[in-house]
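Per-chain residue numbering starts at 1, and chain names A, B and C are given in the order in which the chains are listed.
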Amino acid sequence: MSTLLYLIQKEFIQIRRNSFLPKLIFGFPIVIMCVMPWVMNMEIKNVVVEVVDNDHSQLSSQLIQKIRHSNYFVFAGTKPSYDTALKDIEHSKADVVLVIPQGYEKNGEQVMIAANAVNGTKGAMGSAYLTQIVNSTNASQSATCSTAKTQKLSLGCKLQTLYLYNKNLNYKVFMIPALFAVVIMLMCGFLPTLNIVSEKEAGTIEQINVTPVKKWQFIIAKIIPYWLIAFFIVSVCLVLSWAIYGIVCKGSIWLIYLLVMLLALVFSSFGLIVSNYSDNMQQAIFVMWFFVVILLLLSGLFTPTRSMPDWAYMSTYINPMHYFIDAMRTVFVRGGGLANVSTQISALAIIGCLMAFWAVGSYKKNA
Amino acid sequence: MKAIEVKNINKSYGKVEALKNVSFDIEQGAIYGIIGPDGAGKTSLFRLIATLLLQDSGQITVEGFDTVRQMQHIRKRLGYMPGKFSLYQDLTIEENLEFFATLFGTTVEAGYDSIKAIYSQIERFKNRRAGALSGGMKQKLALCCALIHSPSILLLDEPTTGVDPVSRKEFWDLLQTLKSRNITIVAATPYLDEIRRCEKVLFLDKGEVKGIGTPDEILTRFADIFNPEGLPENESKLNGTENVIEVKNLVKAFGSFHAVDDISFSVRKGEIFGFLGANGAGKTTAMRMLTGLSQPTSGTGTVVGFDISTEHEKIKKNIGYMSQRFSLYEDLTVEENIRLFGGIYGMTKQAIKEKTEKLLWQLNFTEHRQDLVSSLPLGWKQKLAFSVSIFHEPKVVFLDEPTGGVDPATRRQFWELIYQAAQKGITVFVTTHYMDEAEYCDRISIMVDGKIKAIGSPKELKEQFHKKDMDEVFTYLARTATRQDN
Amino acid sequence: MTTFASFVLKETKHILRDKRTMLILFGMPIALMLLFGYAVTNDVKNVRVVAVCSQTDHLTEQALVRLSASEYFTLVKTVFTPQEAEQYIRSQKADMAIVFTTDFASKKEGLQFIVDASDPNMAEQWTAYATSILLNPQATVNTKMLYNHQMRSAFNFVPAIMGMLLMLVCAMMTSVSIVREKEKGTMEVLLVSPVKPLMIIISKAIPYLVLSFVILIIILLMATFVLDVPVAGSIVWILLVSLIYILLALSLGLLISNIAKTQLVALLMSAMVLLMPIVMLSGMMFPIESMPKILQYVSAVIPPKYYIQAMRKLMIMGVGITDVLTEVGILSAMTLALLGIALAKFNKRLE
């Protein structure tokens, strides 16, 4: 036992002595929490709309007024023809073009929306919003001159939506728990990876290998410091998300800490596995980076896992990041309790233990 | 015209003055030695001459060209082998050589004669990657790469560190033939026999020139540094005939290559056992099996009574080890390193504390206990590493070329430490390329081509082969090696 | 010339012999393309719905049938109170709930969506889809999605992947390979040799240049044949603009190698200075327009931003080169500036 303590003490001294690591451990979470929520914002704002009005009627100008006053759109003016408007799209001066056909007011002709869909989300949401505006304009028009269409539409007017957990549809509420995951993953994944490889390159690992240190002692001594670092980082993140964005954890803080500890175990073990198999730093970093990107993209951090095709969805069953993000959002945003996240916690614990065993097993003291 | 003229050179890095008012000149076609302890400023001097660094003041001319203004002219005339010269690990021997040949605008064929004596020893492995070579073989390849072209001035910064005595001789013979082609050679070296082969020697210490003269003049003037008295005969009392290490028919094969080929020997308790051999003879591989770092392919062995293939973790409790590469944590202080390794071997806090005080006092390190190991000079590091490796009072300590690159005075101090350890009953198992050190051992074995060719006390071996010193015995045996030729 | 050739050959061998790095280098574009092409999508699909109705009548039933018949929604459960539904959402067994009031059938009103808005974008889209299915409003609008009819995210990401990978391969790998020679001491020998320092650098850059072109071509081929992302613009211009960008990345790598002393520092610098800003601020994943002003200014100096913009226009929208002159101009200017600084800063000596 005391051997373990000496090894842990050594790890801490080495981290503290390093000219770069302490700054990184303090600075990184702070910078990430201060900058990233502003960046990782997929809220669609300031969609630039141009209108081609071929109707020049009261209704069409009413529609244009509505667009002009919407917070959602930036109105870039009316254009004489669809072609000129299209040119603006090509020059990225506009995102969406609304074409109001002749006879829009009188005959109820269909309007046309053309959206730049290179960014699919932006195109879809921009046109959806615009459609809503068009629909409501049409509805108010229909209400005055009653036509057969009204009956169905009246239903629409009474429809209400209740947004749970995030009334203001604040994108930061969605992203901040995910950022916790990213920070933990980067810090607890990459630092241990570099750690063993640098011992290999310095030759000190050989010295350890001829001592009676047990394999598990060596590995545990490498993992524990990163556990504490994870603990520290998550505390900083929690405080910052409250101080800067006013976003607080709805569920139990202790559950968050439990989850973070498990994730730190998974990734620090994973980092050690990678470094056990690598010969030099470049290799270790590249391999690590490869897995990190894939795990992140398939975790549901940015896009819902349910939208994935089956093969990709299957992979989420073994993706620790997926369990973590799922559980994190449940606890942090939805205010779920232990019962709501028990599956994720046990999955993370199992993956973490497997990883730790693998890390011990792949460390060779006697080849 | 002088080949190299150095006038009043000063160079400092921040507050550290590396060179202080250094002046000397070198005749065309001379073999010029630069000697001095670690940190004397030798490497800085080489780099200044090679136009890699700029001096703070003073002037250096190489064949009449100024190093500051006429860099390109000098670089065309210069061959340089830096101290930590490293090959491209992922290229094969042949590819490395070819690359360096083209780099200097020549071909392997054209330069073959000038490297033949050394290259023929490693040519058999020419398709092996440099990363897979043993330390000494790498150094030999590096020598070949440096000599493949014939520059008019050759700068060699400790070119033979870690190279066995026979190859070192061959290397210096080569340099002698280069001299006949009027090539100026400037070499730094810690070996006495090499110093003697220079025509003129510059002794540099703490960035200052302490003396210039013929090797004999310098060696007599600074005898206390370069030629310390030999150690008194070791009066170790052999405690009976109990064997601490016993090895039978040990083999380690990498594919079809038998690095260690059927060796058997035993080491008695309290002995200083010298484990000699040329580069690539299999010393390090054998030692790795004994210390439980690698598994033998076949054969048996016991260390302190435990089997090396099944009970290696038990062995590790009872041995100390100091490797070729420096093996303490550079980013920990002296005291922290001692504490860490004491703790690893399960010593109590109290015991660690008491022994640390004693050790620091013995080494005269008390003032430096809080210094980072990285800030210590090489010789100190080696002494500290050795002390740490016997800190837990192991039954056997394994030392793999512990004194590589260390100046003679420090080496002597190091051997005093080894004697002290032996007197405490610790068995010492040591490899070395210094034949004067071999004479200090109680018994030695000489490995050639993976086999043990001779074993016995230095006296016995000298008598057996009718040679006057160990150097000659070793040279005789190593020259019988056939591995390079088949 | 033979010296030069042997330099390039040596560098190529270094790259080819490091099998694991090679695997990653070629595995990365393929994996990224597949992931972004198929797995990372915002499509509304398999949304789990809980229906809340105290009594079923033909109208609620009809609505529910219509909902589950669509490919977007799956009905997982019918419960009686909104509280129960909320529990379902909280434990991640459902994404949204549809509440019918007791007298829904008679009044034809009183419909409420309860949506899990932890992902606001998706929440809005789900509501929009559900509304249109349940209410089936007549087609008053004819929507046309330009350039990307199915709104596939791959269209958006292919240029971004190019921007990221080319930067990574060129800048990171070049800088690390130069710094490695410094660290191992071989740089000293190279510098002292009669070979011109500039040539050492050029010969180091060439294999990486070739490598990035291979990766570029893999990406383009995969985009066309696997992901069905058409290369709408002129291939010549695409390659030419990419060349400028690759040169820019190489100069950045050179610049880093001048500053960094060890491989680790070079790696960390490439990761911190290059990778993070590229992924975050270049508009690759997160739209620049949605960022605060100050970050928008920062993103203006990030080269990949212009490359990705230019590629989106050239490749996906298929506009002519005249429409991306601004981006190309900025890129070229940045390349010249960086290359100039890198060469001026290049150390012919050790310090």
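In the analysis below, a residue touches a chain if its C-beta (ideal position, glycine included) is under 8 Å from a C-beta of that chain, and two chains touch if they have at least 3 such contacts.
Model, not experiment: these values are computed from the prediction.
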Chains in simultaneous contact with subunit B and subunit C: A
A-C against A-B, pair bridged by the larger set of C-beta contacts: A-C
Furthest chain, CA centroid comparison against subunit A: B
Centroid distance [mean C-alpha coordinates] between subunit C and subunit B, Å: 52
For subunit A paired with subunit C, centre-to-centre distance based on mean C-alpha positions, whole Å: 14
Whole-Å gap between the CA centroids of subunit A and subunit B: 54
Two or more partner chains touched - positions in subunit B: none
Multi-chain contact sites of subunit C, meaning residues that touch two or more partners: 18
Interface residues, subunit C side, partner subunit A - complex: 18, 20-21, 24-25, 27-28, 31-32, 35-36, 38-48, 86, 89-92, 95, 108-125, 127-128, 131, 135-149, 151-153, 155-156, 176, 180, 263-264, 267-268, 271, 280-281, 285-287, 289-292, 295, 309, 312-313, 316-317, 319, 323
List of subunit A residues in touch with subunit B within their complex: 2-3, 5-7, 9-10, 13-14, 17-18, 202-204, 206-214, 365-367
In the complex with subunit A, residue positions of subunit B that touch it: 291-295, 312-314, 316-317, 319, 321, 323, 325-332, 336, 339-346, 349, 372, 398
Contact set on subunit C toward subunit B in their complex: 2-3, 6-7, 10, 13-14, 17-18, 184-186, 188-195, 348-351
Residue ranges of subunit A touching subunit C (in the complex, touch as defined): 20, 35-36, 38-46, 86, 89-92, 108, 110-125, 127-128, 130-132, 134-135, 138, 149, 152-156, 158-167, 169-171, 173-174, 194, 198, 278, 280-283, 285-287, 289-290, 293-294, 297-298, 302-304, 306-309, 312, 326, 329-330, 333-336, 339-340
